[in-house]
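In the two complexes below, chain A is the common chain; its partner is chain B in one and chain C in the other.
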Partner chain A sequence: MFKGKIQEALICFAHPRVTLKYPFEPLEPPEGFRGRIAVEVERCIGCGGCANVCPSRLIRFYDEGDRTRMEFILDRCTYCGRCADVCPENAVTMTKEFETATDDLRDLYIVQELYMGTCNRCGRCFETENWIDKIPTRRHREGARFLGPATPHTEPIQEVRR
Partner chain B sequence: MHSTGYCQALEKAAEIEVPARARFIRTIILELERIHSHLLWLGIAGHIIGFDTVLMQTWRIREPVMWLAEQITGNRKLYGMNIVGGVRRDIPEALHPKILEVMDQVEKETKAVLEAVVNDSTIRMRLEGVGKVPNSEAIAHSILGPSARGSGVAIDIRADHPYAAYAETGVNVIVETGEDIWARTVVRIKETLESVRIIRDALAMMPKGPIQAVIDKPIPPGRVGCSSVEAPRGETHHFVITSEEPRPYRWKARAPTFQNLQVVPLAILNETIADVPITVGSFDPCFSCTERVEAVDVRSGQVRVYRKKELEELSRAFTRRGR
Partner chain C sequence: MLARLSRKAFPKALWVYHANAGACNGCDIEVINVLTPYYDAERFGIKLVGSPRHADVILVTGAVTRQVAPALRRLLEATPDPKLVFAIGSCACGGDMWFDTYNIWGGANKVIPVNYYVPGCPPRPEAILYAVAVALGLAPKKVAKKEQSDFPRFEEPVSKFVRSS
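This part shows the complex of A and B:
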């Protein structure tokens, strides 16, 4: 009758403590871990590929005249990493950051605006094919005025949605 | 689990051939999922009957499996491994020793727990002869998965309609004839050991080659696909109709819990109140899979049907509430 109890006690004694001191000691996730996504605006070309593949549709692109407005509503993110897979410029990457708990949902909300070329015919945004075409666009002008050289052609907007 | 079901349904609809290596990787991930799900269940069952040593020890055994899954797929639980036409990440050669090491550890420790639990008279007194589902009732209610196998019904999608690489590895269907909670417990522990065996075989048999099929043309609209996957709780069925958009026109998933819970009133008949939690728990219910909603006007008794647009607006309002 007590055989099982003794066996259970032996299992318990053989493994004294396995829990980690996690909140007090930092925990490093393994290589290839998919944490919170990071968006690098300078690299983005506004193609909208990430918005197209996102299974929970948390990435939204809005066409607003000469600029594209991008919204990332990260509280719905399932960390699948498809956006990082399809991004042709590696502007979206998965970081190792996993401590995303917050008491304010606005912390998980990213808005970015990207000045793009505007089609003369339909008025929609497009990415110019070469740098010479880019010169008349507002992205180039704003970039040249505020950010120095034309390469960092964007500016993250510190905006909070109501 | 569900992603495999969905991808298989879509692959059938679009007639995409999945490479052999991808099928083996899917099998390994599915079995890792089964191991950790069964160990989780065993812990919760121990917790329900007030025997927390089982909870602590089985979850300790389970944790290396989660770490292994994190290393292979990039996440502990939401693996994100499947994609239509294959898998997204390869299992590199360098990880094989690590997988085998974790499997050896899991096998050794699960065997020790099985032996200890079998010899423990307290657990057996608590579980034997309780929550009985006779074989005939199990068939009549068509309950699924380990719950059915504990009542002597030998059904297992992996063996009956092999998918992924189960045809190559083979599956020994574990059947117990006790018809009570104890039988379901033993089925789950033994299935954990069987999963370890399948992962070892799959690793040894895994062929080299691509992990994703080349899909060079868009998936034709209006095709119908259906697939079945043996989840840790029972059969899961996925049904897909394709559309012109890059999203399905219709998608229906059927999880096993709703089916399994139908037999609970019978199982708790003439039992004491104290046995109800473990009897319900012995079917490994996933209550979020069981949620059904019907909007009824209490005064007139009329049933209201929500349109897709109304549901969308409701769920958007629900999402926005925090902002």
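This part shows the complex of A and C:
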């Protein structure tokens, strides 16, 4: 019996302590961990695929003239990674950032604005081939007040309002 | 500022009451996991207690259902001041994918005031431990609101904007 106790003590001495020193030392999560999402605004084309598949409906799109405003309200994000799977340009990626504890929910928001072309007929935003095509046309500049025919975007532009 | 205030208000051990407000048990398992020797939140003096009258901190897990909301309000009244409320998991932070369901109020902050939010579904035990460290003033807050824009800046070269095809 006593021998067994000595053996137990030896085992306890041989093993180092298992407790993580985590808050005082950085810690890398394992491979394949899905953390907070990150959006690269340079790659994003504003297609809205991520908003379509998000189960929490936390991605919101607003078409506002020459810009698309996207809001990622990540307080209710499930970290399922569907937005990263569906993104055709790989603009949405899952980072390994897990230290997202905060005292203000607005810290979890991602708000981004994309410069887009505007449809002359319906006014919705779309991504154009060339950047120069995004410069607003007469129809867009004057908004709903302009009732004439929709103009081609090659019309010379008198003034560019930004 | 809240971290400094909470360090002053809670100089000694924090006693924690764990309130399940309609969680799926995932966050509860992670909360218990934090108290195990591997993560060991008890080295900061954190201890689970059985009654809200003994507690300094209330952990709320789960999107708050209609049935449990009055109980949660009474639970907060029973807790002595000063108190902190932690919302653990995406459900308690914003309601997760049930945020607009008819029988769910959509997050703990719709029912009671919440001091700290720990999003995640479920959050890693390290994330809960990090929230404890932020509340105790041991670690800085790392997230901030991101505002990014695609709008052209005039110092950039023209070749960036014209795609050659």
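Everything below uses one rule, namely that the second predicted complex is superposed on the first by the 111 of 162 C-alpha atoms of A that agree within 3 Å, B and C clash if a C-alpha of one lies under 4 Å from a C-alpha of the other, contacts with A are read in each partner's own complex, and residues count from 1 in each chain.
Note that in this section contacts are C-beta pairs under 8 Å (C-beta built on N, C-alpha and C of every residue); 3 or more make two chains touch, one makes a residue touch a chain.
This is a predicted model, so every value here is computed, not measured.
Participant: Check whether A:Phe24 is in contact with chain B, with chain C, with both or with neither, and answer first, second, both or neither.
Facilitator: Touch status of A:Phe24: second partner only.
Participant: Touch test for A:Asp85: chain B only (first), chain C only (second), both, or neither?
Facilitator: First partner only.
Participant: For A:Arg76 in the superposed arrangement: first (chain B), second (chain C), both or neither?
Facilitator: A:Arg76 contacts both chain B and chain C.
Participant: Thinking of the overlay built on chain A, is A:Tyr62 touched by chain B (first), by chain C (second), by both, or by neither?
Facilitator: After superposing on A, A:Tyr62 lies clear of both chain B and chain C.
Participant: Examine A:Glu42 and indicate which partner it touches, taking first as chain B and second as chain C; both and neither are also allowed.
Facilitator: Only chain C; A:Glu42 stays clear of chain B.
Participant: Return the chain, chain B or chain C, that is in touch with more residues of chain A.
Facilitator: For chain A, the partner with the higher number of touched residues is C.
Participant: So in the superposed three-chain picture, is A:Gly4 touching just chain B, just chain C, both, or none of them (first/second/both/neither)?
Facilitator: first
Participant: Answer with first, second, both or neither: which of chain B and chain C does A:His15 touch in the superposed model?
Facilitator: First partner only.
Participant: By the touch definition at the top of the document, which applies to A:Tyr115: first (chain B), second (chain C), both, or neither?
Facilitator: In the superposition, A:Tyr115 touches chain C alone.
Participant: Using the superposition on chain A described above, determine whether A:Arg106 touches chain B (first), chain C (second), both, or neither.
Facilitator: Both partners, chain B and chain C.
Participant: What part of chain A is shared between its chain B contacts and its chain C contacts?
Facilitator: Residues common to the chain A contacts of chain C and of chain B are 18, 29, 33, 75-76, 78-80, 105-106, 109, 162, listed in rising order.
Participant: Okay, in this complex, where on chain A does chain C touch?
Facilitator: Residues 18-20, 22-24, 27, 29, 33, 36, 39, 41-42, 44, 55-58, 67, 73-80, 97-103, 105-115, 129-132, 162.
Participant: Show me the residue ranges of chain B that touch chain A in the complex, using the header's touch definition.
Facilitator: Of all residues in chain B, those touching chain A are 53, 56-57, 60, 63, 67, 70-71, 74-75, 78, 80, 88-89, 109, 112-113, 115-123, 246, 319, 322-323.
Participant: Under the definition above, what is the set of chain A residues touching chain B in their complex?
Facilitator: Residue list for chain A touching chain B: 1, 3-5, 7-8, 11-12, 15, 18, 29-34, 52, 75-76, 78-82, 85, 94, 105-106, 109, 161-162.
Participant: What does chain C use to touch chain A in their complex?
Facilitator: Checking each residue of chain C against chain A gives 2, 37-40, 43, 90-91, 93-97, 99-100, 107, 109, 115-121, 123-124, 126-134, 138-139, 141-152, 160-163, 165.
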